[in-house]
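Have a look at these structures, which come just after this line.
Both complexes below contain chain A, partnered by chain B and then by chain C.
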Partner chain A sequence: MAHFEKATSVKDWLNQRLAIEKVEKVMASEYWIPKNINFLWAMGMVLMITFILLLVSGIFLLMYYQPNVATAFDSVNYTIMREVGFGWLWRHIHGVAASVVFLIIYIHMFTGIYYGSYKKGREMIWISGMLLFITFSAEAFSGYMLPWGQMSYWAGMVITNIFSLGGLHLDGLVEWIRGDYVPAQAFLNRFFMLHVLLLPLAILGLIGLHFAALRIPHVNNQDGEEIDFDAEAQKYLAGDKKGSKVMRFANDFMSKDMMVVGIYLIFFFYLVFYHYNFAMDPVNFDPADGLKTPAHIYPEWYFLWSYEILRPFSVNIGLIAFGFAQVIFVLLPFLDRSPNTVPANRRGAFGIWFWLLLVDMIVLTAMGKLPPEGAFSTIGLVAALAFIALWIALPFITAKEKKL
Partner chain B sequence: MEKNGRRGFMGKAFGAVAAVGAVGSLVAMKKSWDPLPSVKAAGFTTLDMTAYTAGELVTEKWRGKPIFVLKKTPEMVAKQNEDDKARDIIVNGEHFMVAIGLCTHLGCIPAYYPDEEGFICACHGGQFDFAGMVTKVPPPRGLDIPPFRIDGNKLVLGEIGPEYENMKENGVTL
Partner chain C sequence: MKNKEPIILAVVVFFTLVTYYLVEPYAHGVMHKHVESENYAYDDLPAINKTGDAARGKDLVLGAGACTGCHSIEVAGMPAPMDPVTAASSYGVNPPDLSNAGVIFDGKFLANLIKNPAHALMVEHKFDASKGQMHPMTQFYGAGGDLDQEVADMVAYLQSIAVEQESVTPAMAYENACGRCHALKYENWTQIGTKPSFKYKKDELAFDIKVLEYEDSITKYMGKLPPDLSMYIRSRGEHYIKTFVENPQNYLHGTAMPRVGINAESMDKVIEHLEDAGDTKREERASVGANVMMFTIIFAIFALLWKKQVWRDLH
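Now for the complex of A and B:
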């Protein structure tokens, strides 16, 4: 049996049983971060904080929300918003965070693409990150059903219909997902379950996987330099803190991280108190009505680009294009054939590709919000085709890239 | 370790038990998500076809879905093409368009514009004529026709009559 001695302090007592000192070292003070990074590397921490905000505000909403088609709308719009003390605060935090979290996710993703942080041992970081993106999308969609307003109902109708897979006519599958012919009680109840239990659990698990995937390759840096973390850590611990290329995660890097988080939180709560409206669609303040479609159905802004890829085509081609857009990002580490892990601006054609992709997705987002008519339809179609063409071109332009 | 030792056998035995359990639970989980019998039994809607005015669209409800009923005017009947005619439901000599009012693209409710005598779906810009035939993509086909049986002046939705069966066989509706 393991040998225990009389403890000299509470810390020592815990140390003998849980090795807290060792855990602290492995997780924080001797988890090494390169010095050559910028504020964009704080986005992961910003995401973590935003997730905690969602979790805490969600727990308070959960105490009054009623997952019933007859009472859901009022439980949110009357009970939570008007009766519960500070209920509006939880709802606005939850709504604003659900929207802003996607802005940060997109910045986090495009940072990764720009610096090549999905290559050379970092593939699993990228893949787990994309799985997080997919589960967050499902989480946001299921949450959007809960207030049971017009947009909840009709977004639920349109999105679940996608599972009939166009020409395959899998109407039985759609009815199985809904538990009814149309979104109704069974539908609301099961999406409530997904939103407050199953998907948050999956997200927590995936966050664990994402962090574990970071462990061995460590984070990338502004030059894509391959750092010998063991050697640099030795240097640091031997006292040459200046000469070492790395620093401790805590408290050194954390202090910078939290600085960015502080600025973010000021911006975040400014939105919560003064500009929450962007996260609350006015159409969703009408109760769900299965016999009346809103004049114009569009998803939340963060889904617009992929929605716009679905829209300009006939149903089957649209679905194929949409499916392509959903999975293609996951494959990025394998589609990029270049051996270089350096910022996009030093990679010639890839640099152009990066900016074209970013601009194209912004155009798709803008067109997705506008009614599908005239010139907007045409621009949307061109942008959707450009998106597909860019991804098809990627393996070819990166294969041509010279080794730096 | 020996391949055929005791541990190997225990491993396989557990694997067998686990496989049976896994299949069993998947079946249970699948069935738990099925629509409830009460939902499935959700009945039939009977429409009195003498109650409609020609040229005016009325929206009825069947299984939670909107049902478009449009009694066609003599001018409409006169200018129908072959596709439109195949979709006609004739009750007591009057011509009707009866269809599920959900766009065959992704299920929005198209709006009827009496002046243009057609439907426009606001979601992705699909269009249909007054007989429910698609005239502009993305919808892949005309509005679906619900199962129906003609009973004198009445139309029973949810029951299958010979006219409906005919339409299904000829691919007029799904």
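Now for the complex of A and C:
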């Protein structure tokens, strides 16, 4: 057994048992961050804050929400929105955060792609991040079922139908997922369970993995510079704070994180109080009705690009393209054959590839929402083909890249 | 090293706004037809250029016009000839009480309604007299004098017994203009009136059965049960509801829903009532919102100052 002495203070008492000083150093004051990074590197903290907002507001909503097809709609729209003190506030925070979190995730992802932050030892950061993206998507979808409005019901119908896998006609699988022939009580109950227990557990675990994956390779920087973190840290600790290329996570970078968070929260709460409709589709304020299909069924905006990759093709080809779109981002570290870990603007063809991918995904997003008629369906088809072509081309254009 | 952050921020904001514009205003503009308000002018109906006389109107409404054969006028001491459930099983829908019709509905509309109900209500596709499909409200053919004068007198009478426009409450406007077809569950409103609280379960069940019977009649009359409007302020929004009520045919050609003929002031009251039902906490949202924004801005300023202080030593 370890040797314990009479503690001289509370801190000392804790220190002997939990090594809090060491933990603080490892996690914060001697967790070294390069200095040459910009505000895009604060998106991790912004995501963390948004996730906490989702978690806390979700806990409050959970106290009044009723996962029953007969009462779910009213428990949200009457009980929470009218009867419960500030229930409307928690609901609007939850709904808006669920949408905004994807905006930040996309910014975070495209930052990683632009600066090559998935390369050279950072592969696991990227992969754990993409697993987070997938679990967040499942979390968003399962949460969308819970108010049991028209869009909940019909999105649930459409998305679970995908699992019949077209020509394979796996209708038994679809029924197994739904627990019924159509979305009904069993369906609502299990999506409730997924939304409030299983998926949040998976997300918490993956967040831990995502942070741990960052530990050894360290944070990337905006110049593609290889930094000797040990040497630079020594320099900093010796007192040359100005000359060192690194800084402490806390308080040095965290002060900037908080500045970005502050500005972000102004934007976020503006949306919560004055511009929430984009995140809370009007159609979902009609109670679920299995006999009345809405004129337009579309997913929330953050799923539109992959929905549009599914939609313009015949069923089976569409499903293959959709499956391709779901996994291809995970494989990015292995599809990028270039030896360079530098920003895209210094990587020639890859720089063009990056902007084409971004624009293509915005086009897909727009076409995914618009009704698939006339020019829109043509543009959607071209954009979906372009998406696939871009990813097939990636290994070839990056293999040709010269070492800088 | 040059500070690239402003340009990076501009790029992020630009692509975010482009995406927002495409999936929200643009896509919704394409998906949903935009209908401009007709300002409750009911321009398609001919104006009645006669000045009505309320006293003569009273005789017509209570006498030759035979309005009270179907309608109650409670302020004039005329009770309903039938209870709502029986009335609905006879006419399809319970004929409204006329006490405040003169203030809720547009005067020109009322005059045209009396002369030709199916035409004013825009339900001629459903009630075609030439095919023997008569509207349950009988057309007023006149009491022997000048028809337009008589109609103007009747409208003048209805306007004279109604409350002042300022006294129209949101609930009153809703109940008169919408409430006989549309329930409003979140405000405890059924098509046969506000649901009372009952001491005994069997009394409550008896009331519920009456509502169900009424709903059966109206379902038969309209083709489907008119929806509960509790969340319509969120699911449809103010502009849609206002322009829809003005002329339902603009949105749903061939719909059984009649044009209601409400005036602009009363329509605002209907909207207010729907907001009370489906957006109850809008005032609290505005005041909490202002405080939270102020707090967040102060937080951001402090965070900015803290960052400046910490980073002074780093560069």
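Simple rule for what comes next: the second predicted complex is superposed on the first by the 404 of 404 C-alpha atoms of A that agree within 3 Å, B and C clash if a C-alpha of one lies under 4 Å from a C-alpha of the other, contacts with A are read in each partner's own complex, and residues count from 1 in each chain.
One rule holds in what follows: a residue touches a chain if its C-beta (ideal position, glycine included) is under 8 Å from a C-beta of that chain, and two chains touch if they have at least 3 such contacts.
Only a predicted model underlies this, so the values are computations on that prediction, with no experimental measurement involved.
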{"item": "Partner, of chain C and chain B, that touches more residues belonging to chain A", "value": "C"}
{"item": "Which of chain B and chain C A:L304 touches, first, second, both or neither", "value": "second"}
{"item": "First, second, both or neither for A:G290, with chain B first and chain C second", "value": "first"}
{"item": "Partner chain(s) touched by A:H169 [first = chain B, second = chain C, both, neither]", "value": "first"}
{"item": "Touching partner for A:T8 - first (chain B), second (chain C), both, neither", "value": "neither"}
{"item": "Contacts of A:I263 with chain B and chain C, given as first, second, both or neither", "value": "second"}
{"item": "Which of chain B and chain C A:N316 touches, first, second, both or neither", "value": "first"}
{"item": "A:L89 touches, of chain B and chain C: first, second, both or neither?", "value": "second"}
{"item": "Common ground on chain A, meaning residues reached by chain C in one complex and by chain B in the other", "value": "295-296, 371"}
{"item": "Complex interface listing, chain A residues touching chain B", "value": "154, 157-158, 161-162, 166-167, 169, 175-182, 184, 186, 190, 290-297, 310-311, 313-316, 318, 371-373, 377"}
{"item": "Interfacial residue positions of chain A with respect to chain C in the complex", "value": "35-36, 38-40, 74, 77-78, 81-82, 86, 88-89, 92, 103, 107, 222, 241-242, 247, 251-252, 255-256, 258-259, 261-263, 265-266, 269-270, 272-274, 278, 280, 282-287, 295-296, 301, 304, 358, 362, 365-366, 369-371"}
{"item": "Partner chain A, residues of chain C touching it in the complex", "value": "1, 4-5, 8-9, 12, 15-16, 18-20, 22-24, 26-27, 30-31, 185-186, 227, 230-232, 234-237, 278, 280-281, 284-286, 288-289, 292-293, 296-297, 299-304, 306-307, 309-311, 313-315"}
{"item": "For the chain B and chain A complex, residues of the former touching the latter", "value": "30, 33-36, 39, 42, 59, 61, 63-66, 102, 104-109, 111, 122-125, 137-140, 174"}
